[in-house]
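Shared chain: subunit A. Partners: subunit B in the first complex, subunit C in the second.
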Partner chain A sequence: MLGRKSGGGNYAYVSAKVKAKKTSLMGDDAYGKMLMMSLPEISRFIGESGYQKEMAELAGRIEGIDLIEHATYRNMARAFSSILHSSQGELRDMMSAYLTKWDIWNLKVILRGKTYGADAESIREDLVPAGRLDSTMLDRLLSMETDKEIIAEFGRMEHLEVPPEAINAYKADGCLRDIEDALDKLYYKRLLMSTDRSSTPKRLFQEFIRREIDTINLETILILKTEGIRGDDVMKYVISGGREIDKKLATQLANADSVSAAVNDLAQLDFYEDIKEALGANTGSLKDLVAGMKRYHIGQAKKFSHLYPLSVIPVIDFMIHKNIEVDNIRIIARGIESGIDRDTIKGLLVI
Partner chain B sequence: MEADMGMLAIGAGLAVGLAGIGTGLGQKDAAAAAIGAITEDKSMFGKAMIFVVLPETIVIFGLVIAFMIIFV
Partner chain C sequence: MPTQEITPTRSALLEVKKKIKLSKSGYKIMKMKRDGLIIEFFEVLEKAKKMRGSVLSDYDQAMQKISVARAVEGAIAVKSAAYALKAGPEVKLGSKSIMGMMVPKVECETIRAPMTERGYGVISTSAYIEEAAQSFEKLLETLVKAAEVEITMKKLLDEIEKTKRRVNALEFKVIPELQEAEAFVEFRLQEMERENTIRLKHLKKKGEA
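And now, the complex of A and B:
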């Protein structure tokens, strides 16, 4: 009994820390204010509300939209690293496994950057060193000459192997889609394999990840269906390991004649009631669907973090909220810079 | 008579000891959470301290029981 939590992880400390951090995230009113501002005003506003350090560090080198984007990413990476370094035991293992998604994100950025001939400095500025790979390791990847070397080195660093068929498909058409898709599938496969169900926090974590896979699969299937794609062309993008959307149901949804037919098949899901509203809003608009699914995912994280405060879920809940805050700031800044009207920008925000 | 007094002393010791262990277990998580919150927001110090000391009441109950066993 005494050793239960000491060996398991410092849940109380980290949960309280992230809950305190979460209170300093921007609220709906802050987004409303930013929508009324110009780009320099947004820079000043975020520079006064939690992003001071990063804005000060980067202001001498870059400006405008680039300054906002890099400062927000850098701030997010620091926040995640700080939580990861404060955690211990199985909590650290779970967080570290979850944050591998940023390593994969960084690999995608490097590969895309190299493919389009971007220089190392501009690729580096788009990296988010929030995962297991620190800046030094990412620099090593950046210094590699060919994509093959980058993928092989990444595989060595992360102890994973990108399927040869994905690499061959990339070589054949020069399109990164197959590799990116394979990396996403590998990430979730490894995440599920790395957590057994030996303790309640681990069980909750796995449950949450499987729900996340369901959300991603459903979003993918419905988006592809909206585009008129069906059958095996949809199934190759489906990630295995979901909680409710298994292979059989995924195939059924993929083969449905239309989006509305697929939506009818969803009525058997436990979480249908929760996503009904998001699906109802899907009147051919992908924007509403994606925002609706994101809201559902946030709602799940929020609910789980309240139900199980001494688990990894409050940490993930904070990470999701922080990521959304950064995305929202970037959407507002990009939208205003491009001259998009305020209402359209507001519709793109996840609040 | 001496044996009875010995049993009472053991009972009193257990009352304080077990209550102390319970308090320790309760305070362990409360204090860790309080430190976590204070590192992010120093203004939480006052509230956090109240939650940290709340489990102390349990050991006081144990102490009261121990006194009652021995003196009442």
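And now, the complex of A and C:
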């Protein structure tokens, strides 16, 4: 699939479909209403907002807050699969490459669950088949005996090869860390390669991905920095291909003595305005910073989707917004269940 | 020591006197130990109070962080990250002596681990999960320290109670009984001496007659 060309895509059809689906997404006011509700009221509200089928399907097995989480994930997975199956040609290739992140997410869930010794049924319950691999394929992975077989089968399904050094490191210490990081790097490498820069929308999609890489790299660098890890130990977790955070800037950030020392280097970034406040707060917590970067990232997708309606951008924009809707519902429901105050929950929402 | 069991002899008196001396010095030492343990207990109590406060605040913070992580990243992601953990916390158990009493000494060996050694991938793990993991490590560390202080406090309480009982037994039973025995033996010996004197006087009178 790497760099494979499959002819032009059915942009008009998929864009129209996505546009129709986007109208059914919850508006910002719905989150405000949900914040005032109790957990049963939220369940009823989301049941009436397009999640009823999944809620009914899972109600026999799961209950309470977990039902909301699983039902919203299942609904999102169905929405993504439906769009993926409706798309053709290069559009399908790009989407499929983009959605591979869910396949990798599921692989991580399977490997972590298996190494821990969790039973297959509980691992299956936690899978979100929102990527290219459907439930049947994920079941096949789950039925594999050993981790080695799972990784090999996943590689065959996704046409990607986990670097042997990551597998050797896993064999040596039994930690999935190197495999997981290698998969994340491979994902972005392949995603960038699956998109050429032959047209403005494709170029914008690639820019969007590269911005996503920037936000991930910045988050990784800052998390490691708060733990006192510097230099090359940070650089090995940096994904190449970022738009603004290139190798030079990443090294500069990685070598900075502290988070506050890295602030000056961050001033030149596009999303500095969105994270300025969080950086200045110096609370020692990165969550405001992460939320700021997320908002910036979504803002970018929203901005370009209007400019290029017949491109991959509106499709990705819908996927991001659907994902955010699922995240926001879960944030509100879990927040209320845990007794987190309304203002904190509101601060966690990505609106 | 009941007076009936004592043979009123000079050697018994010496024995009783020796026991009284020993009991009194034992009583003095025990009393000092009890007072020392009480002082130590109040110091540990202060520490335990602070420690309980730290446990509560760390627990609240950890629960707040895990709630936020479960909300933002989802319970599935948090559970999955927990499954990936490889290294368990390790503590080193030792012991130390407080006024001759052995109390446990617990040292945290590998409770805090850097993110790069937890077992899950660094790139895809969010700041929320990482902050929750760090908060729970801090809570565990505080709990281990609190366990040491709490056990020390409980052992001190037991030891104080035991020492108090010994001091009381010495003060109100052993020493008074020994003193009673001493008085009894002394009285009997004086009595026997008087009897002897009289007997000798009688014998002298008989001899003169």
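Rule of thumb we're sticking to: the second predicted complex is superposed on the first by the 324 of 351 C-alpha atoms of A that agree within 3 Å, B and C clash if a C-alpha of one lies under 4 Å from a C-alpha of the other, contacts with A are read in each partner's own complex, and residues count from 1 in each chain.
Keep in mind that, in the parts below, a residue touches a chain if its C-beta (ideal position, glycine included) is under 8 Å from a C-beta of that chain, and two chains touch if they have at least 3 such contacts.
Predicted model only: the values in this text are computed from it and were never measured.
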item	value
Broader residue contact with subunit A after superposition on the shared chain, subunit B or subunit C	C
Touched partner set for A:Leu310, first subunit B, second subunit C, both or neither	first
Touched partner set for A:Asp233, first subunit B, second subunit C, both or neither	second
Touched partner set for A:Ala16, first subunit B, second subunit C, both or neither	first
Contacts of A:Gly335 with subunit B and subunit C, given as first, second, both or neither	second
First (subunit B), second (subunit C), both or neither touched by A:Glu212	neither
Residues of subunit A at both interfaces, subunit B in one complex, subunit C in the other	none
Subunit A residues within the subunit B interface of the complex	2, 5, 10-17, 19-21, 23-24, 86, 310
For the subunit A and subunit C complex, residues of the former touching the latter	65-66, 69, 73, 105, 108-109, 112-113, 115-116, 118, 126, 128, 173-177, 179-181, 183-185, 216, 219-220, 222-224, 227-229, 233, 237, 239, 285-287, 289-290, 327, 330-331, 333-335, 338-340, 344-345, 348
Residue ranges of subunit B in contact with subunit A within the complex	25, 28-30, 32-37, 39-41, 44
Interfacial residue positions of subunit C with respect to subunit A in the complex	63-64, 67-68, 70-72, 74-76, 79-81, 83-84, 86, 114-128, 130-131
